[in-house]
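These are the structures in question, set out in turn.
Shared chain: chain A. Partners: chain B in the first complex, chain C in the second.
Right, the complex of A and B next:
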């Protein structure tokens, strides 16, 4: 089945709703207002996806929580922000200061759970709105550059087109900004929209 | 005193649920995954189990299936980040008495506990 502009429009609206729910949860977890940019939805092949990811950030110091899903559609969603900003989010959520001895472990643990809650909301909202059921992997917390943090997802998508959605967010009062990414294999998307 | 078990692989979530449960006079135990939870459940008597779904080793669905098959009477409250209606329906079919999304709202959480005690 061909992926048309109508499919793209419907998908964009589902991403809008899903990201809105995710931002609402991030707001309630951090206690701070979260501003969202308009989601950017694109189709990429493997090579252009790598170029796109490189254009988002050339930083080698990113924190990412990755939630992989499978079922009637398969792909992954990610919550990404610079590692140096992650401690602010952890502090807002837990009240734990960065000079604690086990802070790295607490940071990884807390960000994984924040990512788990927020990304489940994004992907679950899309599943509910399309009336489909998805299975999730346990969320992964990874650090590095974007190609490193998304290496498993990129390498599993070397054939075929990938539907890609990116929404930039800001928590201005904490001086945190990052991105929600949603990537899925295009082939089954028109069928769930039907 | 009622005895409750908090099952979640996330330390932060266990802390969050423990804090909510601390409003009640409960004896609280914790487990980090489904396997550890089943060991505790089958060697003790809990009144309420707060169960996460997505966990390493053994997930919450497997725990619910085990409890269902072994006809256990503990009341299971699922607390999960998974907001899919199909997931909630599956848990309720497998015997959960309530399904809350993470992070649980205090009022909702307290109402569920009040109905169970």
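Right, the complex of A and C next:
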């Protein structure tokens, strides 16, 4: 089935709803206002996806919580931000007052839970709205540059097209900025939209 | 429930806690590791509802996400920092065990029933290790900080020692040259006069006395500066700040030095506010003003000009003594306020200096909480600035 502009519009709307729900959840859990950019939806092959990822951030010190899913559509969803900001987010959630912004394994574990809550909301909303059931991995906490944190997704999609959605978010009062990414194989998307 | 529990027995061989529940939260399996951690035996738990055994799991923050997993939703994570006791468990020292818990689902192929798999990893020792690592890191940083401070103190002490040594050298140098030579000349002239007094005419004696008188004035000035400087060095100089009008003090000093300026045909003028109250030691500031104005006259050629101005700047009065004299090179400026470099220059009418005047000025200005600096260009004149704190009654 051919992926048309109508499919793209519907998909964008679903991402919009899912990210909105995830941001609301982040907002209510952190008690801070979260502002979102309009999701940008693009289609890439493997090589251009890597170029796109390089244009988002050249940092080698990103923290990412990754939720991989498979089933009627397969792909992954992730929450990404610079590691020093990840520490601030964890401190905001735990209410611990400290100047120590070192990101350790215990903070990484807490960030996994935060990312898990937010990503479940995003992916759960998309699955519910499309009326599909998915299989999910245990959420993964990964660090490195964008190519490293998304290596499993990139390596499993070397052939075919990838539907890519990116929404930038900001928690201004905590000086935190990051991205929600949603990547999935294009081939099955028109069928679930249908 | 048609699932053979024996299938789950392999979870008894793993070092993590595993509990398997059905969609009604009934416990189907409770592995050995959880038995050890919680002191609860599978035999006693089998078939019971997890939320009855652990009533805190009825709270929405637990039951809502777990129910969502049992409905086929994504796995959920309960971290040790946000959920301290998913499965209450304690260490031998009664401290709580930190369990990182994940709830995921598994669809049984025999009957399509979704089961909940709850796995718990012990993060306690990891957490201790991180805390210990951070404690050691903080301790190391503290030690580095202390060492840096000690090194800084050592450097400061070294700097003071160097300064003291320079002070001592300067003192000996003044004694050796600036005092010994003129006093030696005094002695020779007096010996000559004494030994052969009758042979000299009145005019001859006057010829001897004239340079002696000039030299005595210079020596007196040197001794005065030397004494002041020695008092600043031994901290015996009392700085007693009072409130006074800096304009009045400038005018008094101008009046005293007017004759010297007139004799050299140097125009002495002022640009002063009517009244500007400062809070400083009046004696030391008088010395500073007199030194700077005397220097300005000394280094200005006849028909030149010396201007003394005062203005308010932030919380200070800024005094400027400006001349149209010979000016100074950068190299000379660098030596001006340094005790460790001997520097003195003859005036435009060959007036001698002590090499101590500006050093005393610097000590005095700084003792009053101000600062002193110079702007100058060779052949174009100099501007000496100093600041002193304003009174809060302006």
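The criterion applied here is as follows: the second predicted complex is superposed on the first by the 187 of 194 C-alpha atoms of A that agree within 3 Å, B and C clash if a C-alpha of one lies under 4 Å from a C-alpha of the other, contacts with A are read in each partner's own complex, and residues count from 1 in each chain.
Note that in this section a contact is a pair of C-beta atoms (placed from the backbone, for glycine too) under 8 Å apart; a residue touches a chain by one contact, two chains touch by 3 or more.
Everything numeric in this text was worked out from a predicted model, so none of it was measured.
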Next item on the list: Using the superposition on chain A, decide if chain B and chain C clash or fit.
Entry: clash
Next item on the list: Based on the superposed arrangement, let me know which partner A:92 touches: chain B (first), chain C (second), both, or neither?
Entry: neither
Next item on the list: Kindly classify A:56 by the partners it touches after superposition: chain B alone (first), chain C alone (second), both, or neither?
Entry: neither
Next item on the list: Please work out whether A:116 is in contact with chain B alone, chain C alone, both, or neither, and reply first, second, both or neither.
Entry: both
Notebook entry, point to check: When the two structures are overlaid on chain A, which partner does A:104 contact: first (chain B), second (chain C), both, or neither?
Noted result: second
Check: A:133 contacts which: chain B (first), chain C (second), both, neither?
Finding: both
Check: Looking at the overlay, what does A:69 touch: chain B (first), chain C (second), both, or neither?
Finding: second
Next item on the list: Figure out whether A:8 sits in contact with chain B (first) or chain C (second), or with both, or with neither.
Entry: neither
Note to self: Let me test your reading of the model: by the given contact rule, A:125 touches which partner, first (chain B), second (chain C), both or neither?
What the structure shows: first
Check: Touch check for A:43: first (chain B), second (chain C), both, or neither?
Finding: neither
Margin query: Given 99-107, 135-143, 171-179 or 207-215, which part of chain C has C-alpha atoms clashing with chain B after the fit on chain A?
Written below: 99-107
Item checked: Contacts on chain A seen with chain B and repeated with chain C across the two complexes -> 93-94, 106, 109-110, 112-113, 116-117, 119-120, 124, 133-134, 136, 138-139
Next item on the list: Could you pull out which chain A residues touch chain B in their complex?
Entry: 21, 25, 28-29, 93-94, 106, 109-110, 112-113, 116-117, 119-121, 124-125, 127-128, 133-134, 136, 138-139
Next item on the list: Report the residues of chain B in contact with chain A in the complex, numbered from low to high.
Entry: 9-13, 54-56, 80-87, 102-103
Margin query: List the residues on chain A that touch chain C in their complex, please.
Written below: 67, 69, 90, 93-94, 96, 100, 102, 104-107, 109-110, 112-113, 116-117, 119-120, 123-124, 133-134, 136-139
Next item on the list: Could you please specify the touching residues of chain C with respect to chain A in the complex?
Entry: 65, 68, 72-83, 100, 102, 104, 123, 126-127, 130, 134
